[in-house]
Structure formats: C-alpha cells, structure tokens
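Can you keep this structure in mind? I'll have questions shortly.
Lettered A, B, C and D in written order, each chain numbered from 1.
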Amino acid sequence: MPQMIVNQAIAEALAEEMRRDSRVVMFGEGVATKRQELVAEFGKARVRNTPLAEAIIAGTAAGAAATGLRPIIDLLFEPFICYAMDQIVNSAAKLRYISGGQFSFPMVVMALTGCGWTVGAQHNHNLESWFVHTPGLKVVMPSTADDFKGLLKSAIRDDNPVLFFTDMVLGYQAGEVPEGEHLVPLGSARIRRPGTDVTIVSYAKMVHTCLQAAEELAAKGISAEVIDLRTLKPLDESAILASARKTGRVVVVHEASRMCGVGAEVAAIVAEQAFASLKAPVVRVTGPDAPPPSSYALEQAFMPQPARIVAVAQELASGEHPHA
Amino acid sequence: MPQMIVNQAIAEALAEEMRRDSRVVMFGEGVATKRQELVAEFGKARVRNTPLAEAIIAGTAAGAAATGLRPIIDLLFEPFICYAMDQIVNSAAKLRYISGGQFSFPMVVMALTGCGWTVGAQHNHNLESWFVHTPGLKVVMPSTADDFKGLLKSAIRDDNPVLFFTDMVLGYQAGEVPEGEHLVPLGSARIRRPGTDVTIVSYAKMVHTCLQAAEELAAKGISAEVIDLRTLKPLDESAILASARKTGRVVVVHEASRMCGVGAEVAAIVAEQAFASLKAPVVRVTGPDAPPPSSYALEQAFMPQPARIVAVAQELASGEHPHA
Amino acid sequence: MPEPDTLTSPSAMLERMMLIRAFEENNCALQAAGSAPGTCTSVGQEAAAVGVVAALGPNDLILTNHRSSGHLLARGADPGRILAEIMGRSTGYCKGKSGSLHVSVKELGVILTSTIVGGELSLATGAALSLSLLGGDAVVACFFGDGAACEGIFHESVNLAAVWNLPVLYVCENNQWQAFVRRDETMLIDQISSRAAGYGIEGLTVDGNDVQAVHQAASRAIRKIRQTRKPILLETYTYRQRGHYEPDDQNYVDPKELAAWVAKDPIGHLKNKMLGEGTISAADIDAMQKRVHATVAKAVEFAQNSPFPDAAELTTDVYA
Amino acid sequence: MPEPDTLTSPSAMLERMMLIRAFEENNCALQAAGSAPGTCTSVGQEAAAVGVVAALGPNDLILTNHRSSGHLLARGADPGRILAEIMGRSTGYCKGKSGSLHVSVKELGVILTSTIVGGELSLATGAALSLSLLGGDAVVACFFGDGAACEGIFHESVNLAAVWNLPVLYVCENNQWQAFVRRDETMLIDQISSRAAGYGIEGLTVDGNDVQAVHQAASRAIRKIRQTRKPILLETYTYRQRGHYEPDDQNYVDPKELAAWVAKDPIGHLKNKMLGEGTISAADIDAMQKRVHATVAKAVEFAQNSPFPDAAELTTDVYA
C-alpha cells in the first residue's frame, strides 16, 4: 500500500470527490491560494478564496447545501468556528428539523486543532464535544492517514453537516492508504490493538499516545485493547460496549477538557449499559480545565501522556484504584 | 418570607447589586425599554438598549469587564448566544489565561431557554454543557425564586464570566425569598428532598419534575433523594458523590440532549469516584437528540416526564434494570 | 405542485395586501382568544411583501424571517397551512415543528426561513451561489429588518455577494423598530441603503407604504440583477403598526408617531389612489373584503380541524 | 511601573521604526535558525504603529492583534520581555502562556490583545465604555487589518461606538493582504475608510508609509475624539512586505507589486526625507542602527537565558 502523509490523504479525498460529483465545491480563507491543484482541475468557480468572514462562509455553505450544492469549507483553526456557531448550529443543524424535513444540508466543515504547534488558546481548542452535543450534526476526528482519506470521502457524501477535525500535528504524519476507492463509513470505531484486561477508548492523535501506553502495559503483563472512535457522532456505542463488557475496565483518553467531554459520554454509556460487567471504576484521562497554553513546556504538560495512562490502567487491573 | 415570582427575584437581584456597586452596568436588546425601573434609579448610562448585535454586546461586556466595569448582559434567548461565542469563549473565558493573569472578566451573561413556550428550536436550546466544557467560565441554572435571587447576586459579584440561564417557564413561578441580603454561593448544590434508596440529580425546571417523581416514588415505598445542582460549573462533586455513595443508585435528569450533556459528566464522576458504592447502573433521563419542536404536542414529549423517572428509579431500586 | 402567484395588476396587489391584513388580524384575534400562540405581524408593511414578491418570477427564491406571513401569502402560500403551522398542527408547512417563527415552503421557493435575526442573510448567499453554479437567471430575494442590518452577518453577507457577483436582491424593511428598541437608538444613519456604497454595490430607498413604487423599484432591480448578477440593496422605508409580537401593549411607542404612519397605511393609500383614479369602486373593495374574509375563515377551519403531530414525529427529520 | 513612551521628534520616530524593524528581522532569523517559533511581522507597516502610538497620551489604551510587535515597541514595551513571550519563557509579558500571537502589556495600556481576527474590535467598545463611565478624557486606539474589516464584528463594533459616542480611534492598517488572500479578492472598494459614512462617523485614509503624515492625522483625530467622544476610522494605506507568518515563501505575491512598495518603505522614506532636509546625518543613522542592534542583542540574551514556566503554571490564571 502507498505511504502518504495525512495532508496528502486529505488532498486526495477532496480531489476524488470533486471529480466524482460536480456539486462538490470548496471555499474558505486562502483555500484557492493553498489548493492550487484543485483550482487547476476544477476551476475558480468551484474552489474559492473568501473574505475573512467565518460566519458567512458557514452560512453560505448551509444555504448552498440546502439548494443543491455539496460544499466543503475550511475554517482553518477550531476556535475560529466560534464566529460561525449560529450558521452551523441554528441553521445547518436545525433547519432540516424546523422545516419538517424540507431541506438537507450536505456540507463538511474542516478545521485544525490540538496541542503541538505552540499556537496558544485562540488557535487550539478541542471543541468536538460541543458539536457531539448538538442535534443534527455529525463529528469526525481521525487518527491515521487511511482514515483521514476514507472518512473525509464519506463525510463529503453524507447528506448531513459533518464537522471534520484534524489534530494539527497529524498533518505531516505518514501512513499506509489503500489504493483506489477507499471509503470508511461514518459511525464505526476501529480496534487499534486487541486486548483483554483493560479497554482504552480514544480518538485523534491521542490514539497514538494510547498505543504507546498499551505497548508499555504489555511489557508489564497487562493486555490493553485500544479503541479508536474515529467518528464521535454518531458514536459507535456497540464497539465501546462490546470491549467494556469483555475487559470490565475502561479508561477514556482525550486532550479536550474533561467536563462534558466525549470521555464523559463514553463513561456514562459504559456506566449504564455495561454496568454488570464492570470490575473497576471508569476513569478519564484528559486535558485540564484550562485553555491550551503556548509555551512548549506547558503545552506538553497539557496533553495526556503515556505514563499517566499506564498508571491508571495498572491501578484498574490490579484493583488498586483509589475508588475501586 | 415574602413570596415572589422568579422574574421579580431577578429584578431585585439586579437592582440591589447595581445599588451596591456603581461599576455594575447592564445592557442588551430592549434592556432599557423593559427595565424602566433600573433606568429610573441608575440612569441611562448604566442601563442601556443596544443595537441588534449579540457579538458586540458580549464583546463590549468583556472589554468593559477587563477595564473596571462589571457588566451584565441580556442576550434574550440561548440560541442567540451562538452569535456571541467568540466573544464569550475566545475572549472573556481565555484572555485572563492567555495574558498570564493580567485581566479578569467579571461579567454575567443572561439568557432564557427551555421547553414550554412552544417557541421552537431557534429560541429554545439548552446549551449549558457547551459552557461547562469551556475553561474559564462558570454556569448557573437555578430552579426556584430564592436561588435565582441569591445566585444572580453571587454571579454579579464573581470576578469571572458567569452564564446565567433561566428556564423560560420558571419566570412566572412563585416562591419564598428571604428578606434582606440573600446570597447563595456559586458551586454548591442543594438537597431538595432527602432520601435513601436512589439519588436523582437534576437542575433548572426539571428539579420540579424530579420532585414530583420522588413523591410518586415515595407512594411506592422508594425513598428518593433529589439534588438540585444549581451551579453547573463549578460542579458540586462532593454533594453528588456523598449522595451516590449513600444510595448506590443514581439517575440524572435534564432536558438538554443526552450526548456530552451535564448528565454525562455527573454519570462519569459517579462511575469513577463512587464506583465502589454503586448497586446499579447510572441512568440518564434526558431530552432526545433532536432540536426542540414548536408544536405543543411535540414540545411536551421532548421534556422528561415524571413517569419515566419513576420507572427508571423503580427498575434500579428493584434490581430489574436491563443492564443491572 | 402549486405554482407561485404572480400579481401584476394594482387590484390584484390590493386584494393580496388585504388578505395579508385580514389573515394577520385574525391571528391576533385567535391569540387574544387563547386559540393560537402569539405571532409577529407585518401590519403596515404589506406593500413591501406584495410589491417585491410580485416582481419575482417562478424560479426565483425567497428568504424571510419571523415576520413572514406577508411574504408567504404574497407568494401564494395556503393560509390554512400557514395557520396550521402556527397552531402546531401536522398539516402545517413544517408539520408543526416550526410554529410561526420559521415557516418555509420549499415548493414555492420560500426557503430556509429563520427567526435568528440575520439568519436569512446568512443563507441567502449560499442559495444564490447554487443558482449561479447550477445555471439559469433566477435571483434570490432576501427580506430582513433594520435590526438585522445591525448584525455583523449583514456586513459579511452583502460584502460576499458583492465580491462573488451573487444574484441577491437584499430587501431591508426599515420599519423603525427592532422589537422594543427604536431604530434611531441603534444607528446614526436614517437610511440603511446608504451602507451599499461601502460594499461597492447599488443601494436605494423606496416609500415602503406605496406598493406600486415598491413594485416598480423591485422590478427594475431584479431585471438588473438578472443581467449583471450583482446584488442590490433595496430599502422599503415603512413602519411597524402593531407590536413586536402579539400580545404587546406598545406602551413604549409614541402615539403621535404611530398615528402619522397609520395615516399613510399602504392599503388605505392604494385604495384611495385607485378610488380617486376611478380604477376601482367601493363595491369592488367590498367584494374583495368578503373574499379575503372567506379565505381566512376557511383557513381557520382547516387549521382547527387538523390533528397535532404524533409523538413519534419528535425524532424524525433530524438527520437526512 | 514603566511609563509609556512618547515619541515626538522625527528622529525619535525614525529610531523607533528602526528598532521595530531590527527586532522583527531578528525574530525571522531566530525562526529560520530554529531558535524561536514563527511570528507575524509588521515589516513595511512600522509607520502606522509609530505614527499613531506617538499621538497617544499615557492614559490612552491600545488594542492590537497577531501583528503587534510594532505597536508594543512603539509604546515602550521591553523587547526582551516580548521576545521571552515569543519563546515561551516565564519572563514573557504573559508568562509564556500567550506566545507571539496575543501579547498584552497592561501596565503600558496595551490591553486584551487577541489573535482572533476582529478580537480587538470586539473588545475596544468595552474598554471605551469603561473610559466613558469611569471619567477622564482618555481614548482607545484599536489596531486591526483590512481582513478584520471583512468580519461582521467590524460592523457591529464601529456602529456601537458611533451610537454610544465611544472614544475609539479605529486604525485600519490596510496592508493589501489577508494571510494568503489579496485584499482586492475580498471587497470591491479600495479604501476601508469609505465605510465610515454608513455609520455616520468620520473616516479618512492616510499614506501608511509616511510616519509624519500618520502622526499628524492621528493627532488630529485623537484631539477630536477627546472633545467629541465620537469614534473616527483612520485607515493607513500600506503594504505587508514579508509573508503572513514566518516562514512564508510568498510565492503567491506579485514580485513587481512587492518591489514597488518596498521602494516606498516607511523607514527609507523618512531617512531620505530627513537626509534631504539636513535634519539628520548618515552618522546619526549609523549610531541609531548600532543602538537598536544592541537593544535587540540584549533582548535575545535576556529571553534565551530566561526559564520556561513551571508545569504548575498550567492551571493557574484560569479563574480570578
């Protein structure tokens, strides 16, 4: 299988879907400047720069989606989405329902986020849980090049608004991507490493941190199953539950802040529907309740580290967790 | 103790705090028109109408808060806050941290939400969990007139941005409010009804639904403890845990959608820190993953009803929950 | 599928304005009687709705807001289905999920109605982009208020339409009120159209109480937009005669100012003009009045006899 | 507590522009060498920073954005502490929590810096409201780009300042670029100041590469704002000579256009003018150059020898 970096996988997905369906258009601040290859192949009408105006970029996407196009917009960095919340939440997510099903909103909103580039809290804020909470939206946050490609293609083909988030440090990470048409369905998690003693649920770049932790755990005789959620909404509850029921011990790991994060949702699902199988507390390992700092030293401290995950998993496996 | 409706309790809190501290100002669309008594007492400079422009209303509040005033803004209905997310999240919530503590943002953002007035999904959307997830913010959502008054006064005195949400049907609900200075500290839950068999955690108007359910449960011989969170951030974890450890059974009830809601957070806290005491699955009873509809028939169906809470509590108490 | 109405003659425009007035006044009566939830009426602003909509073709699209009954009825929407929607019935245009505040009628090209002030401005550019890329000469008419012109999205929408050459007729109904706030408390300018220059596009203000003037200005503007594909900002200068929402005691309104505007009422204005010209008789007007009341009565009957949606509808239409 | 600098003479303005240039070029060199993260520079725009800031008094407030070094240095901020912030050190003005993109220095009145494009516009009205209500005649200078003038918040901010009589000098540095997009792709107008009329306020455009012209225009405007408490929109028409961010190969920039603007460089322009007038000598300029390089060298030493923040700092300063 060919190796490529995540940015390349994204570029391929965009080009393939634009080639396949002439209703797919893409716009955003610098999109035409930065994606010259798309302009060259599909023309200036379908690949556009915009003024600096996130709200109308998203509003235009919603209006266009409801009337026959399939827009992809690039809002650059996740905190900038704050300018477009009305258009995404009050229009794109709700107007199908409000109108009694008269309209659909096939559109994709892309943005970068996550620690690693020391860009600080106004360029880096993991907001995925806001959108998971919001009816009418779907949310995707892949961890490897193949999934970036396959999930972005599915997102573009989906008839609903999809938020597609890229952990910014993953852009240059390489991975194998199957040749030819490669689609990954929305809503299905992936077992990254099978295991029997403890389930580690994660997504985006934290999956790699969890895999490192699982490796260390294996050396200590603990078999960890690592689940990569990939899509956060719809959430693959059955994959989570199957693993939780098997191992009886669950750790959820993400970089986003803890309160009302995706980890809370996973823990709540497990605490309700896998209760009878649980052998230990469900534990979240997350970023702190603080904005992401810029300084390299602090930014590294913000991210969950393998050592902490290993420690938690060991406590759970050994029955030594303080709340066990 | 004098009886008054919630709107009156709010009006008293505003007037008392403006009287006490000349730095308190209030503005928003129609604030001066609708609060003539405040204009009369405190003047047009401190009580203002604004243009229809939620973003700059919130931005002005943040800028003023950082430079010596203590603004209160009324953004009317919660979905309209979507226009002001940047100012609330990227500025007010983060600029203290980003600036290394140089600024503080003593401000209160008020808005209505909740089912009951058939206003539909663009006036009614319970978004509290977004703000609970966001570092730097506090979130208050009271259920009774005394708490509206006492918590709003504390919110105005707090040196951080506080989101103060009012379930719209509560505005005309009456309750006793202590005479004289009445402050309720942020971050402390209130046991609305003590009980021993099952803990029901809720907030805002759902507290009344839960109390009704508790009454029905009592008739069936089940003793339910009802906890009113009142403040959602900071969350009173110790009150939740004390009750969960006592009863071993927890139901969380709110009208907001389930995924990544406050109920997920409560369930996750319990599943980690009260695991050893749990006798049954932790169950959430929430609004559906749908925008709130307008039609009275549908809007009523959106809200968790006592019968459902009773059924769940009974299942838990009897060990008959499907996942027990 | 119903065809959008085209209203060309003055008497057709008059009768449609009378229908809108009768429909909305009936809504107020229903609300006062406790038989329907409150609504926002367009009483006093009917000329903008009828004048502009009459200038549109069948393939053109309309975006509107919380004050939409006039636009819907001008376009030929069924008063019974609008009222059913207001009353939360399953026969409403949106199956009762919308209620009065965001009624869309896709089959008539009245799309994406939003009660978020400025929502229609958010969405108009996208609808126009679709029209642009999918071909044809159709245009988008986007109705919004003077209050919406204070929202940042006004600026972003008009500017994008200008730089992208999008075929949008921006129709600002400047009714001097923004809920409970006077317009002159919210801006130093008097005419919203003066903002057009800042985007490099054409802007004009027309007497919003003169349906023929509105119709003429809108027709010219739409013809121009079809050719140039450039947006135009058309302001109808008018007045909100009733409260923001029913009920509303309007105790914050200067009664003299209100009376002066009521004297310029668009329906009265056209009636008087036509009677003066001899192009209509008092008997004609009587007949019109009877017809519109009969239409409204039928609408009430339809809506009141319609069922509420089934609870199962709660979670349908969330995802496509 | 340090006092903000007041730069009155042309030679003081020249030297300060040279300091900004030297500081920012050094940042580029540090970035290229891998010793510091990338930054946004204001190369070519120093005249706006120095000309406007020199016109402010010690109690006036400044809001700025991602391209702030010029504004900070013009105000008298310590280059060592700015660089320490850029390098994530605990001695930085924001303890390393900001990095280069949102450096505030409250003690100098440079407040609430935001890298959200338009963030400074969101916050300027509030700072001005405080000044208004707490008394005195201080004003707010709010620096933003032509890109920010496309955001809805520009519209809302300027309009609110206009209707509330807030003492804000809006300074739009129109540098013809918005990251990787040409300004003329984003608006049909050429001068942002032409939008002022739509808010009923005064707007003017000045040669942004002529520090004396900027200073004169800003001084006049500020005097007027102190008296009238009405906002003014001052545009400095200029050009971004380097990339959006370091590193940036600028392969999307027309080299001829760039060269034409480099020929009008604000530092070169003032040097030549003063040499021509005989108000400065080549030796004076040499001495200035030495001084600014020494200052920058000291800043580098300070920053590089400063510690990183302790991990415990991660969760401080979240709540007051």
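The rule is simple: a residue touches a chain if its C-beta (ideal position, glycine included) is under 8 Å from a C-beta of that chain, and two chains touch if they have at least 3 such contacts.
Note that the structure is a prediction, hence the values are computed from the model and not measured.
The minimum number of touch steps separating subunit A from subunit D is 1.
The interface with the greater number of C-beta contacts, when B-C is set against B-D, is B-D.
With centres defined as mean CA coordinates, subunit B is found 29 Å away from subunit A.
With centres set at the average Cα position, the gap from subunit B to subunit C is 36 Å.
Averaged Cα coordinates give subunit B a centre that lies 41 Å from the centre of subunit D.
Centres computed as Cα averages put subunit C at a distance of 46 Å from subunit D. Multi-chain contact residues, meaning those touching two or more other chains, occur in subunit A at positions 50-51, 53, 55-56, 79, 82-83, 86, 90, 97-98, 120, 122, 135-136, 288-291, 293. Shown for subunit C are the residues in touch with two or more other chains, namely 92, 95-98, 102, 114, 116, 118-119, 150-153, 156, 159, 163, 185-187, 318.
Because contacts link each chain to all the remaining chains, their graph is best described as complete. Taken in their complex, subunit C has these residues touching subunit B: 37, 88-90, 92, 95-102, 114-119, 147-148, 150-153, 178-181, 185-187, 252, 308-309, 311, 313-315, 318.
The touching residues of subunit B, counted against subunit A in their complex, run 79, 82-83, 85-86, 89-90, 93-94, 97-98, 120-122, 125, 127, 129-130, 132-136, 233, 235, 256-257, 259-265, 267-268, 270-276, 278, 280-284, 288-291, 293, 323-324.
On the side of subunit B, the complex with subunit D involves touching residues 25, 45-46, 48, 50-51, 53, 55-56, 58-69, 71, 86-87, 90-91, 95-106, 135-136, 159-160. Put simply, subunit A touches subunit D in their complex at residues 29-30, 33-34, 49-56, 79-80, 82-83, 118-120, 122-123, 288-291, 293-298, 301-302.
Residues 61, 92-98, 102, 104, 106, 111-114, 116, 118-119, 121-134, 152-153, 156-157, 159-160, 163-164, 316-320 of subunit D touch subunit B in their complex.
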